[in-house]
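Take a look at these structures.
Next, two complexes with chain A in common: one pairs it with chain B, the other with chain C.
Up next, the complex of A and B:
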């Protein structure tokens, strides 16, 4: 041989090296293909296979009162599901679950026979029970965390808050109005799962919701709630509500309803018991409306404070209709008309003021339009257009008939008197805070309109203070040490059958603000159909007094010395 | 010419001359090996922790065992590095005989990795032993021995080619009986390549290829799980939920990794999407967590290994040492490339570990022993032919 065999060997090794190099090139090309170029098919699979879509109710934002006391919170509960196909020891699972959950074995067996991949066994049980089952590490049994809405104060402000259903859907009230803030971005949560279907990423951190701070004060709400219920039970009222508002800021501090709703067990309540009467109901306000026409007259200058009006001895004919007073009054000053709540007196004032001016004042005070606190079903009341007003309408509306208002509108209107003639926008939501603590929305006191001059407001306050004098209609609202400006109302209800005013169904109310010289609260107490006593001054005024008394004490508003001196 | 000269040499010259001819071992080979072993430890931990935690309540379970085997393997490697490879010349048949025992034993008392019909492992207390791994070493030593001894006679069919093929054929056949086509194929390839470089007639080689193709075809399509794997290899998406699942999950891993990877330990494919994530498909986890750069890194390390191994082959002046070095380099290189080819979908799925990196004690110790022998060969200046 010419060439040595070793040379040949080396040559062949070189050939094989080339083979290795070729394969190396193939691998590099392939890894470029796989890792850089990629394929859409793989992409689709990748985006799909880790994804687990969970039908779990995500954590909702918390609702707090103005001081950060929780009104509605989500608490963690456990839900239990089985994956029938993964279960190997069926009887073991049945007996373990049955023992822990106290469910009949047959029910669990039924679930295990399901052809589905996934079957809920029980949802929303106490976390401890869920954890106990989870610690058994049963094959094919999954314990997941879910949330359940919990209202720590039970039925306190329940009608206002509304409730949250089984699938985290809002069912009314604040929960519904602020749902876009409170609920998480999505109702289904996406987590990542391993190839055996178990989740390996916590899904809680994806859930973004906002916390809401209301203007309510839990303590004031509690006070309002308690005395509202006491009064309603004492006087056999069908329903009732109390609104407490700060006139200077428009903040609603309490909104209590009777009968109340405990949203924790909302399913036990019939629909009518859900009602938040304070904002949903429209009704004729009765005498509490009288200061509106007086304000209109005084502010326009058409009526002067010193004017007196002939009250016609208790009977006054307008066209075919006769208007009655409770007493046979002669000439009364404006102040006295308010104090004794003379229908004839306010009719005369309305006539002198004129319907244009009166209508204008009514509108400016916010009647006929929604107060705009954005709760579902908020009532705007009903105010007839001016051109449909007849002479008798002018008279009726002056004493609160032929016009329908909502409770919130009334509070808004009295707040004008308490706030030197300026109407503030009623506020229920103080601020909304994001999950990172960032401020998303903050309400600030908003002036809506100057309705009357401060002088007029002061004069009316003085007149309304007379109402709670012992000889006024609202004497039972009188409070030692604090001047109260208020007005009683006893409005006949329209019988829905006869369309006539009923003689035994009344809306009894008292509205006022305290302390009169520098009001902290506007408080409105309304009862629907109290029996047998129905006078606002007897039914609602004492409730007003108790709420005012405790609210002032809670807020630390000092009694005024001049008031105390007056009682000496 | 005559290689028996070295035998005289080693017996005659134990003194100064031998020391003079002593070359330092190939430090690059050692360095690359240690790097690969290190990468292996990291990747075994990353890919097995979840499984270990679930199966043994100890995330470090596989890592601990692997570390133990790294120590055993490194000890074996250092020992093999010290022992002159020429000793194996004398022991060739002993090795063959010794490795035959567990190979036959495993057919009766062996256990499979979850598959019913597979018997590949022998249980030894808490450990398992895979007899087919050391058999590879024995066969390579034998073929080196035979080729070196036969010299030019290898060009004869009956006296040269056939005996070599027959003896290695028995072992490959025994591996096939364990249903370990991957190992059988690799070993067959190694013997084939060794025969090729030995200068046997190309007609023998071409003939043997022609004979083995139908056998291979029969083997591939007669065993059901292999037939499925073949079909899945040809169109993985069609068998996406069955036999194609593994390779498609491997694609997902590589594609998720992209250029730089999702980060060490951050891979999701090992969460039971990728079966055998810490053994045969560990390279997919490398692709996912370390990306193209990691893949290139490992491939480059293996390439350097092969390059240095072939360089040792080139430099060795002794035929036995040369064949041995070549065979051992192929053992590591082929296994690596076949494994990488499989996980990248270039070759049909076979149960073959990635040398140094996949979890598995027998394979690791065997590979490190192979490196030890290779290192010893690299120190040998030998004698000009």
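Up next, the complex of A and C:
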């Protein structure tokens, strides 16, 4: 059969066309396989080629004081490492590195002889030194950028701030309490790279950490710290602390500790030097607690300002126990009881006030619960449940024994008197700011409770002003030009061996607020076991005066002309 | 020279344009128009594609530039931070107080020496 040439041509064209169509179909099928059905796998393969995941050194945000002065900041430093197996000219590397680093050449040689693939030579040196070494382009030597925590004020507020370890881990204090804000939320960044490994797009997962502004004022902190240290060294105290607080807002303006910690070299300090005594220690407050029962009695109406109490000539028996005063007092008014710090006087006030009322006032003032400043180890003190109180407990607690308090609880309580009877929440953090400057968190003054009426607070203030008169126990706290309301405390410590009150170990304190008519500061000074002098009025009161004097001058609080005239 | 002539063929009457002794039917013109349109489309697609490729290359180049600027910015931020730390250290209350007391023989003012101006 003969096929016509035309039909044969047409047939061939058809076959070739079908062939092309089939080939096109194959291509389309393969495209579908790669780009649609298997897109995830292809994405992963290509990602590996053009995406780079770079580990970065963890960073922390800056801690500032209330005026924006840095207290703790990350600074960029360099760390040097070697890859021993890649080094061809060991002696060349040793001499090049030893010219820039202050480490023995033998130590460098030891690192180069290591069988490991990677060895740190030195960590956290100045960035400029690292750049100088990097510019040498030594084979087998790597310069890595890291961050180191630096505290420009050294040991100022060191115990409060805490420290940061080698791997940016927080080690106590504010650094630990606010770790979730301060620490960056990523330890790697993702970027696109080209065939040569150069990065060509902005990084995803940028390092973000927050900056924290504290309520602290670095200048007030310095004032408190200096005079606390002076007093501790003069009176050979084991330890001590000062808290300065604004009673109207609850802001902690200063929190000084002795001995203090320099977080820049934290490894040189033994654990007891890390303690923030102001919030960690629980102790019996002694006479500084007396205004609490007086406030309770006055506010409940069970005690009137004009009442007087028989102080039994300095000895008063309750059951098998005898309570003593420092002097053989007869009848004293409420104000005089506070002024001379009569134990018998406050015992009788407590008896008239009653356990229930007194206990309620103690609780309202914040004792027995944590003040809520959220620092690690914050103490709640110790307050026995009311149903366990005996008559002697009532009297003991009235003059500050049989109850354990923390420094912050005491400041909080006196701030009630300074703030017209309202208890404010103590605050350390003013605000938290994000990496783009956005406000993440802002604290505001928080009223916790109305503890007493404003009249009661004013009456107590007048009584506490008498303490600072020349014939009061706190006369050495008196400051020309300013009315001060305060109380001394000299509390016996319990001897851990005998479990009895010691006759030569005391907690000496003075707490007060100034100016009494419109308080700017509540200041609490405490020393543990000062020797040989131990009375609060002699050890702590003068320190209070110096701190108050400079703090008021710094804050621009003018002396009262009436007070100046009074003192003349 | 252009002429218009009428012819009758299997497809019925048709007008033809004779140009330079070559006869063009209406169909020819339609086909030519179509061809031009296709060529135009292809050229347009080609230019679009070239533009797309060019823009992608530009994006990559800008990416390099942005990265370089970002690194430079980061360097400056770190330098600035370092300087701020230096300032904070030099202005630390302890240092200032030491200079004031020891070098300049200054003392804190007494209350009666302070006049507050408001």
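Worth pointing out:
We adopt the following convention: the second predicted complex is superposed on the first by the 466 of 568 C-alpha atoms of A that agree within 3 Å, B and C clash if a C-alpha of one lies under 4 Å from a C-alpha of the other, contacts with A are read in each partner's own complex, and residues count from 1 in each chain.
Simple rule for what comes next: a residue touches a chain if its C-beta (ideal position, glycine included) is under 8 Å from a C-beta of that chain, and two chains touch if they have at least 3 such contacts.
Remember, predicted model here, so these are calculated numbers, not experimental data.
In the superposition on chain A, A:549 makes contact with chain C only, while chain B stays out of contact range.
In the superposition on chain A, contact of A:75 is made with chain C only, not with chain B. By the touch criterion stated above, A:497 is placed in contact with neither chain B nor chain C.
In the superposition on chain A, A:317 contacts neither chain B nor chain C.
After overlaying the two complexes on the shared chain, residue contacts for A:192 are found with chain B and with chain C alike. In the superposed pair of complexes, A:559 makes contact with chain C only, with no contact to chain B. In the overlay built on the shared chain, the residue A:222 is in contact with chain C alone; chain B does not reach it. Touching of chain A by both chain B and chain C, each in its own complex, is seen for residues 192, 194, 200. Looking at the complex, you find that chain C touches chain A at residues 60, 63-64, 66-67, 70, 78, 81-82, 84-85, 88-89, 91-94, 97, 108-112, 114-116.
The part of chain B that touches chain A in the complex is made up of residues 50, 151-152, 193, 196-199, 237, 248, 251-252, 254-259, 268, 271-273, 287, 291-292, 295-296, 299, 303, 306-307, 310, 313-314, 319, 322, 326, 330, 333, 337, 340-341, 344-346, 385. Against chain B, in their complex, chain A makes its touches with residues 4-6, 8-10, 12-13, 16-17, 20, 23-24, 26-28, 30-32, 34-36, 38-39, 41-43, 45-46, 49-50, 192, 194-196, 200. Per the touch definition, chain A reaches chain C in the complex via residues 69-70, 73-76, 127, 150, 152-154, 156, 191-192, 194, 198-203, 218-219, 221-222, 226, 479-482, 549-550, 552-553, 556-559, 564.
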